[in-house]
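Presented below are the structures under discussion, each in the form of structure tokens.
One chain, chain A, appears in both complexes that follow, with chain B as partner in the first and chain C in the second.
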Partner chain A sequence: MRLEKCWFCSSTVYPGHGIQFVRNDAKIFRFCRSKCHKNFKMKRNPRKVKWTKAYRRLHGKDMTQDSTFEFERKRNRPERYDRNLAENTLKAIKKIDKIRSDRASDHIKNRLKTGKVQRQKEARKQLEQGIHLVKAPLALAQDSSLCLPKIKVNVSQAQIEENQPMEE
Partner chain B sequence: MIQPQTHLNVADNSGARELVCIRIIGASNRRYAHICDIIVAVIKEIVLNTPLERSEVIIAIIVRTHKELKHDNGMIIRYDDNVAVVIDQEGNPKGTQIFGIVDETQFTMGKDTIANIKTSIRNADMNRKGTIQIGYLNKK
Partner chain C sequence: MVQYNFKKITVVPNGKDFIDIILSRTQRQTPTVVHKGYAISRLRQFYMRKVKYTQQNFHEKLSTISDEFPCLDDIQSILWNLISKIAKDYVKLLKYGDLLCRCKSLKVAALGRMCTVIKRIGPSLAYLEQIRQHMARLPSIDPNTRTMLICGYPNVGKSSFMNKITRADVDVQPYAFTTKSLFVGHTDYKYLRYQVIDTPGILDRPFEDRNIIEMCSITALAHLRAAVLFFLDISGSCGYSISQQAALFHSIKSLFMNKPLIIVCNKTDLQPLDGISEADRKLVMEMKGEAMKTVIGVLLIMSTVTEDGVIAVKNAACERLLNQRVELKMKSKKINDCLNRFCVALPKPRDQKERPACIPQAVLETKAKQAAEKEKRKTEKDLEDENGGAGVYSASLRKNYILSNNEWKEDIMPEILDGHNVYDFIDPDILLRLEELEHEEELSPEEQEALAEIRKKKSLLIQQHRMKKSTAESWPVVPKKFDMDRKFLTERMGRQLSCLGLDPSLAINRARNKSRGRKRERSVDRRVGDDGDAMDIDDNQASKKFRLRSTSRSRSRSRPPSEVVPGEGLKDSAQKVKTIKLAKKSVLKRNKNARRGEADRVIPTLKPKHLFSGKRSIGKTQRQ
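Moving on to the complex of A and B:
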């Protein structure tokens, strides 16, 4: 029994899942589910399809080079069964998995760090412009708890004198 | 899913190049044939200077289908074309070589008629191409 990788999305294909397509030049394409299979039949390039691992690695969204990947190399020679080795391997798989996923999430966190200020700016602008979606403007005028703090403007003396004729 | 009127390529050097299925051997009203099924076919296209002739009715066994075959262990395998191998009444192949990919697990499962065909699946990682010699030679 072997856990294969889906050719299209690079997720693991467990036994009993998916379809294998054998091309006439003896190349085997394994798919994890019909979504990937159908995309393949449509002749889509996984490197251009945004949700696949191939795209993410190519565009630097996911971690590409790490020492933890060395552990998961494909080995064609079967190992003689050794109970201790099997036990240690099972423990190691868990640990390596945790390390790898931690490093991967760190990679993503670092990638998203650079845009933080920009995102906050955009969020602030969206709040200012779209406050009417949250609360009606009339209600806001009466109870301004949802508004951003208003900037105080100093009105000059000349303007007050001009308004007085109007009030009469 | 091979049925009458299906065109099949031929995967051996028996002399035929293209077959048209006429009938599926088995139950009288059998609709479709899959890998490992025996069909009666007529030869539509031949390789020149071989013992077989055009519009000759022969028996063949299907080795590759475009329709996926479901294995008992849950594997589902699909090939790129519909291909058959020409055999005779006893089940011995008429050619001496089989070309292309054949799944050996399907053919060694106790089918007496094709016990003489020895085949092996090509491992894509080892990147092998070519032909397989059949265990016994067709003496002409």
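Moving on to the complex of A and C:
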């Protein structure tokens, strides 16, 4: 029993799910669900379809090269069973998984950091440049903090009496 | 004696067909065209040929029939005579025929008479055909080969026995006279083929009253030279008692002359031989006695249902028959022809010493052990049967696994964990690699501390270097030997080494040992701090001596240039001399060019006037 990878989206195919297609040249294509299968039949290239892992890796959205990927490799030679080894392997899998996911999220964070920084810079610049839209330079000169001035309206008594029915 | 194969007899045609065949053949095989203008001799020859040809054909066909049928000689000759007489007569007449039409009518008459003869024997031919058909259906019994004959009352088990020992598939039914004719089967014994003939049952009746079916068996018994197996039904389930069967035996025992006889007691599963009544037992013993009196006779018991003793009976019968036949052959005259062809060669014994086969003791032992083991060893199948059979017990396939620790044999290892295949991760040094991986991750606090220290120190060095670099050209350099910064003190060295974690005492001692003598000013400077009266003479002298002794422990002396100082990294003085020479050589050229060092590439004047002015003797001024 093995968990396979979907050919189209690279997600894991659990036993009992999906479809396997064997071509005449004996190449096997496994799909996790009919969505991927139908896309394949439409001859779409997964590298161009935004939501697949192939696209994300190709366009640098996800981590491509890392030493944690070296741990998971399909081995063709069977190893003799060793309980200690099995124990260690199971424990190691969890740790490796954690490290890998941390690194992946770091990678994404780093990738998004430049955007964030840029947005911050832009924001600051806009703040600096556009402050005159909300606060007059004179007011700025008097009060250099960025508190926005409150709207002060002098209303006469007569107008108040007139407006009372409206306020109801 | 000619071997007759009844199945291969040609079909005997009936009268009309016979005539048709002969006449059409004549018409086809002889020339057909004749004209009345031909020479008379030719005409005569033509018609004579036809007559003769017809006669010959008749003769041929009749002789084939008579040859193939076992005993038909005289009939055939009579016919032949008739036909040949007719042919002869008409040939004679034809010799004197003068016209075509006359010859033709003669020929017609001849053929007509021959055909009449055949027409008259038409019914006989039909009868012959019937016989032929019947004979073809008979089983082919070779009367000369080894034969076993099975006889007895109806329903005793003769056909069942037949079915058991041969591949014949005889009908076995509960009613009497199931077998209505002879059946032949074949069986093997000692690489020889035996014919086994199954007969219909015989009833105990006087000879004249027997019906055709019974006569079959009687005739077979009478004429075939075979071993006889007389079947006896002990249990009486055939419907006839033992006394009746015994009576039959006695009445036909005359037919068993000179034949190996075996009395077979069948159906012992229903009634064992010991369980029969006293009277019956007497009868059986009587029969046995009779059997013993003949050539070679014996009584055997068997049961076709349980297959108990069937093989024994067959073997006994075959053995006896074989022996009898061999004996007879030996006694006959023909053996002498064959005898000189046989020769069993035995090596001539050299002496009386016995030389048995030599098998080493070890081999015998292992053979015995193997045999014992084979019986004692418990197979997986036995285990399965013990534990409830095929559906209940499932064999433990892990029993014979070879593992480092036998406790792990029944371990179940998970194949999938958290969306990964565990088998893909298995690696003997996974722990090592995991450690390395964790190293790649964040540093521990001590590591961070150390890193901070390193960075601090590094930055200090860089700062110093930068300061030196920037002031390199303008800073006045005091030669190192004056040590204005007080950098080259052993205490300083000691402090630095202990900061790094080393024990400085050895190094300090060595430095002090190997150091040269110091100048007086230096030593004076040192002592300034202690007391103010450095100029006291007595003190000075004593202190000088003390100082000299204490501070420099070795005499100052200049070193020759080829002396190897340990710590320089040179092997011996020769190497040192060579290095000095190389160093000087590399420097010579530069010095001659008044260069300050390696990196000095300054060109004082880029365009010296004396090179860029004046006329050329050859070449252009553009290029100089």
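Rule of thumb we're sticking to: the second predicted complex is superposed on the first by the 116 of 168 C-alpha atoms of A that agree within 3 Å, B and C clash if a C-alpha of one lies under 4 Å from a C-alpha of the other, contacts with A are read in each partner's own complex, and residues count from 1 in each chain.
The working rule: contacts are C-beta pairs under 8 Å (C-beta built on N, C-alpha and C of every residue); 3 or more make two chains touch, one makes a residue touch a chain.
All values reported here derive from a predicted model rather than from experimental measurement.
Would you check which partner chain A:Gln20 touches, where first means chain B only, second means chain C only, and both and neither mean what they say?
A:Gln20: touches chain B, not chain C.
Looking at A:Asp97 after the superposition, I want to know if it touches chain B, chain C, both of them or none. Which is it: first, second, both, neither?
The second partner, chain C, only.
With both complexes overlaid on chain A, does A:Arg2 touch chain B (first), chain C (second), both or neither?
second
Considering only touches as defined above, state whether A:Thr12 meets chain B (first), chain C (second), both or neither.
second
For A:Asn88 in the superposed arrangement: first (chain B), second (chain C), both or neither?
second
After lining up the shared chain so the two structures overlap, which partner does A:Thr68 touch, if you call chain B first and chain C second: first, second, both or neither?
A:Thr68 contacts chain C only, not chain B.
Report the partner of chain A that touches more of its residues: chain B or chain C.
C
Does the superposition put A:Leu58 against chain B (first), chain C (second), both, or neither?
neither
In the complex formed with chain B, which residues of chain A make contact?
Touch list, chain A to chain B: 15-28, 76.
Residues of chain A touching chain C in their complex?
Listed in rising order, the residues of chain A that touch chain C are 1-3, 12, 67-68, 70-75, 79-83, 85-86, 88-90, 92-97, 99.
Spell out the part of chain C that touches chain A in their complex, as residue ranges.
Touch residues, chain C against chain A: 401-405, 408, 411, 413-428, 430-431, 433-434, 437-438, 440-441.
For the complex, which residues does chain B have touching chain A?
Touch residues, chain B against chain A: 68, 73-81, 100-101, 122-125, 127-129.
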